[in-house]
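Listed next: structures, encoded as structure tokens.
You will see two complexes here that share chain A, one where it goes with chain B and one where it goes with chain C.
So, the complex of A and B:
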């Protein structure tokens, strides 16, 4: 886990060091049952080469956030406000044509389910070459083909050159996810948004695919936003973690810090619900009580309050939404959105 | 692969053979003696017997069938007493007009379904989608002969844009030399674009009248499939590579959406090739549909039998094409 790359610790980062800057981003889904704000005015930065984890349970807005960054939210969803600055340029003010030059070139996507993320009627080679040819006008097909074979080799698909002719159904889940990675890194983007990249795979394959992915992004210095609900993967892969709950980032800190000392009660609950074989011999598994709130009917106060063990129904928590606050000294500075954050972090110190 | 083709061919032969037996038996068990119809109600018993012998009706059913099917394969499709012509001659006169009309009706239905299916789903504009769905319901609910009449009244009588019923080609235009029997194809082969345009002009209204119902069905299918496919994650992945919306649709969404509509398209195509009675009647189109109905009413066995076998061959042939197309566009079926 020793990396010679910039991490959260210390030195103030220059503006140029920031690949992605998300400011006040809000994405809503307008349906007949009401308006669902899946992403609620989120702010964060991703530095060059950083591996950022975004965790949260199903329905917390992780995937909507991923698609918002790429500008691929589909109706009835739409981004209603905010900025997404990639390398300093606001993607929201770009037209489709400019976006099509940025997507796949400066940033790319790795999708959840490898079974459905590839076109079933096109060869693997065609699908890898598509992005290469799109962003390298004038490149000969034969050269694009060589590049595709090289990429497939990079993601450790055996007999890469021959496999270009294969179709997705001839590949296993792990192999397909490698193809997805090959597609995502094809043009050496500055940022890859990986939405649950290994969720559909078995544990062994998960580890292999993640290793390949990590090796490749580190060799090219690509920043990664890894969206997952798997805290094990976060611990292994990410420099920093953001915890998402009901469309908000409720805690943001370095991986080391967050595992040492979760600031938000929700983070703490999440960590506690990871089964520990050495501790729980026959006991019950811990789970976060209750359900996430409906985004159409959020509580008036803190959205986690109904499930929170820390506040215990404090009037403040019930009536007022907490705002994010920096806590702790600069070197392990973190952002927590909880009325009790400073108190909780004090207590533990 | 070879084995699949052979077994497919064998299956096709069995299907045609089965159709020929059913066609044969059906018409034998119907009441009424076709020989009596030929000789007339006043003819003597001897004359009737003689006619039955001439028609082979005195033989046992298997013998009759054997005589019929061997003759059929050698080009002797029987004699139509109603028309006083060999059946083969009648078919040669009538079938091309029906096949040509069916082909263009299908072309209209299919192209319109693709264009409007795309329009309904591309960019997801609710108003366009609603309009396309309304048109689909209209197409499926409108009886073709009624639509044919309306089209004639509006576009021929009132506006005068399209020619009326009765012809396939203007009298002032010399018909192209017959190669395929299909006027538009023959015109293209002869390089006669004037004749081609004129023939299309005559084909347009009947093709629309005949194609509207299959269009309604196909556009509904295609729209639903396109909506399904565009919700698939791989479409997002294609977009995330930077590929524009149009290329994403044409390269990825359409081929995938086609797959489930292929079978339906094949059945519709085969059905259209077999002619349509009412639309042919309204446009006075010299097709096979009206001939067959007249022959049924006249108990003109030979024509109906031949039609059933020809239809079976058309269905089997079109389905074989569909199977080949499946293999081409869906790699999951290839192996």
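So, the complex of A and C:
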């Protein structure tokens, strides 16, 4: 797997190379209990063919970010500011009709639970063909059918042509997730957003599905945003990682760098929480004290400060929100949003 | 030197836990549980699905025994039989000197004082209309333990123990986060001072940071109250870290059983080898080393009914072998404490080691 490794996201590079550009995106949920800014002024770019991982705890805003990108935020949520540029065009200024021409064609989505994402009363074949026919007006049904069979074969569903007649409930979880992948890649999109695509699967099935997915996106050059909480999957699948905490991207770097030396204390805490039997067979696991803050009542300073092993109680961390800064030599460049980042990464220079 | 390669945590007690004296607490003997699928009609017998097929294992006092395997392998059914939430089709389950399968009425109720269960999703397993305090108190009321004041004191004590402020006890489960709600479920299980907890995927629904808190807590109370755990888990990383001994199940049968570190270092059954190799490793440097064995196909319940080895249709080494087709392999002890049911144990492991030796430069 020797893919050319793109440099850090968000860094200036050839404009044409950028599939998705998210600028100053802010998504809020307005409820009776207050305003919850799930995504707080986020900036990043995704380049062609990049496999980007977004990690964070539940409630960190990763799914809200995915929905915002796809224009699927529904009330009480709404995008209050910012731009989402797909191939240079702002999706936020598009009406629903233009958006439906983009979704499934230029970008598509894979959900965690294929059983709720697939229509239980339509055959697998019909559901794959819908996407193909929607974006290829004038294509004969028989041709769409051939294409659907080919796609099912690509995702390694055995006896693909016959299985087009099956209904979702006749498929196992792994097979259904393959169908979701087939639908997602049907029109060879530039970007696929996959939200926890293998979380509901067993480990052997997860390995099968990830293998198929990786092979297909690499052969078509599709960029992927993979949202997951499994750091093992990030290490195996992603070129770059963005860590989300309380609606902000608090660290962004290449996978190798972030695992070698996490810049943000939160990233470090996440990595340390994973059991590593070879290191501490019977010792205690590192755990992050406390719980994520309520988005409606964020601390005045750094939102991670109350739980931070490095900055807890420091006057600077308590009083001022850190702003993102680039650290490290250019080729290993990373973006960290922490007052202590340069100090923490100094030894590495 | 990377920050997280240093010692796990300054507070981490580095004491090696002494191996628990092997004193048998639970003995499962030839356990079989069948479910009927499809209806009986015109004198035709319904099809029977064997969810647990002749499982025998022993759990020692004070240890953590892990059951791992894919969905549908029977791990939860074994636990349910043990708790007597399901009645075995045949076989025996001994708890100390009592045959659990024969218990009825009052005796069964008394037995349940010794063993409690914790489920995967606390928000589903806790009654959403009851307060945390009521939830934790309920087992005491059911078993008629203490008077009102004593119960209130006991609930306070247990809530404090699991790290929930008793003053928050009047909140309902949805007022708590997943990790906190799981602590309340644990409080409910612990309030009767059981000897044993059956933990069915207790951390699977939790975020990794909260998962670490709950695992640490489970280990703490195990040491403090000499608890025995039956730990059902599909996350092998957690299994290896947390369990003393592990049984790997495939289609209702134990295919391999060993001490946790032995099982993961020297897996003998090809199914265990593939399971271990399929775990995504949180280390980008080891990516793409080609050591992953991706099994073809999926678990099919009909596999339990076929002749020979139940794993053979998916087995990387036994698919076309006569022995595997004709003879069902017995669970035998290959080395002390290491049991495996395979005609060619260790063969796949050798193949992988050989391949990676060739692949990596000297």
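We take it that the second predicted complex is superposed on the first by the 336 of 349 C-alpha atoms of A that agree within 3 Å, B and C clash if a C-alpha of one lies under 4 Å from a C-alpha of the other, contacts with A are read in each partner's own complex, and residues count from 1 in each chain.
The rule is simple: a contact is a pair of C-beta atoms (placed from the backbone, for glycine too) under 8 Å apart; a residue touches a chain by one contact, two chains touch by 3 or more.
Keep in mind that this is a model prediction, so the values were computed, not measured.
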Fit or clash - chain C, chain B, common chain A: fit
Touched partner set for A:203, first chain B, second chain C, both or neither: second
Which superposed partner A:270 touches (first chain B, second chain C, both, neither): second
Touched partner set for A:233, first chain B, second chain C, both or neither: second
Which superposed partner A:131 touches (first chain B, second chain C, both, neither): first
Touched partner set for A:67, first chain B, second chain C, both or neither: first
Partner chain(s) touched by A:118 [first = chain B, second = chain C, both, neither]: first
Chain B versus chain C as contact partner of A:291, first or second or both or neither: second
Comparison of chain B and chain C by chain A residues contacted: C
Partner chain in contact with A:181 - chain B first, chain C second, else both or neither: neither
C-alpha centroid angle, chain C to chain B via chain A, nearest 10°: 80
Where chain B and chain C come nearest after superposition, their Cα distance in Å: 10
Shared chain A surface residues [contacts with chain B and with chain C]: none
In the complex, chain B residues that touch chain A: 124, 232-234, 236-245, 251-252, 255-256, 259, 329-332
For the chain C and chain A complex, residues of the former touching the latter: 2-5, 8-9, 11-17, 70-71, 177-180, 207-213, 215-216, 219, 234-238, 240-242, 260-261, 264, 274-275, 278-285, 287-288, 292, 294-295, 298
Residue ranges of chain A touching chain B (in the complex, touch as defined): 67, 70, 72, 74-75, 96-97, 99-105, 108-109, 111-113, 116-123, 130-131, 134-135, 167, 169, 180, 183-184, 186
Chain C-facing residues of chain A, complex: 1, 57-58, 172-175, 202-208, 210-211, 229-237, 255-256, 259-262, 268-277, 279-288, 291
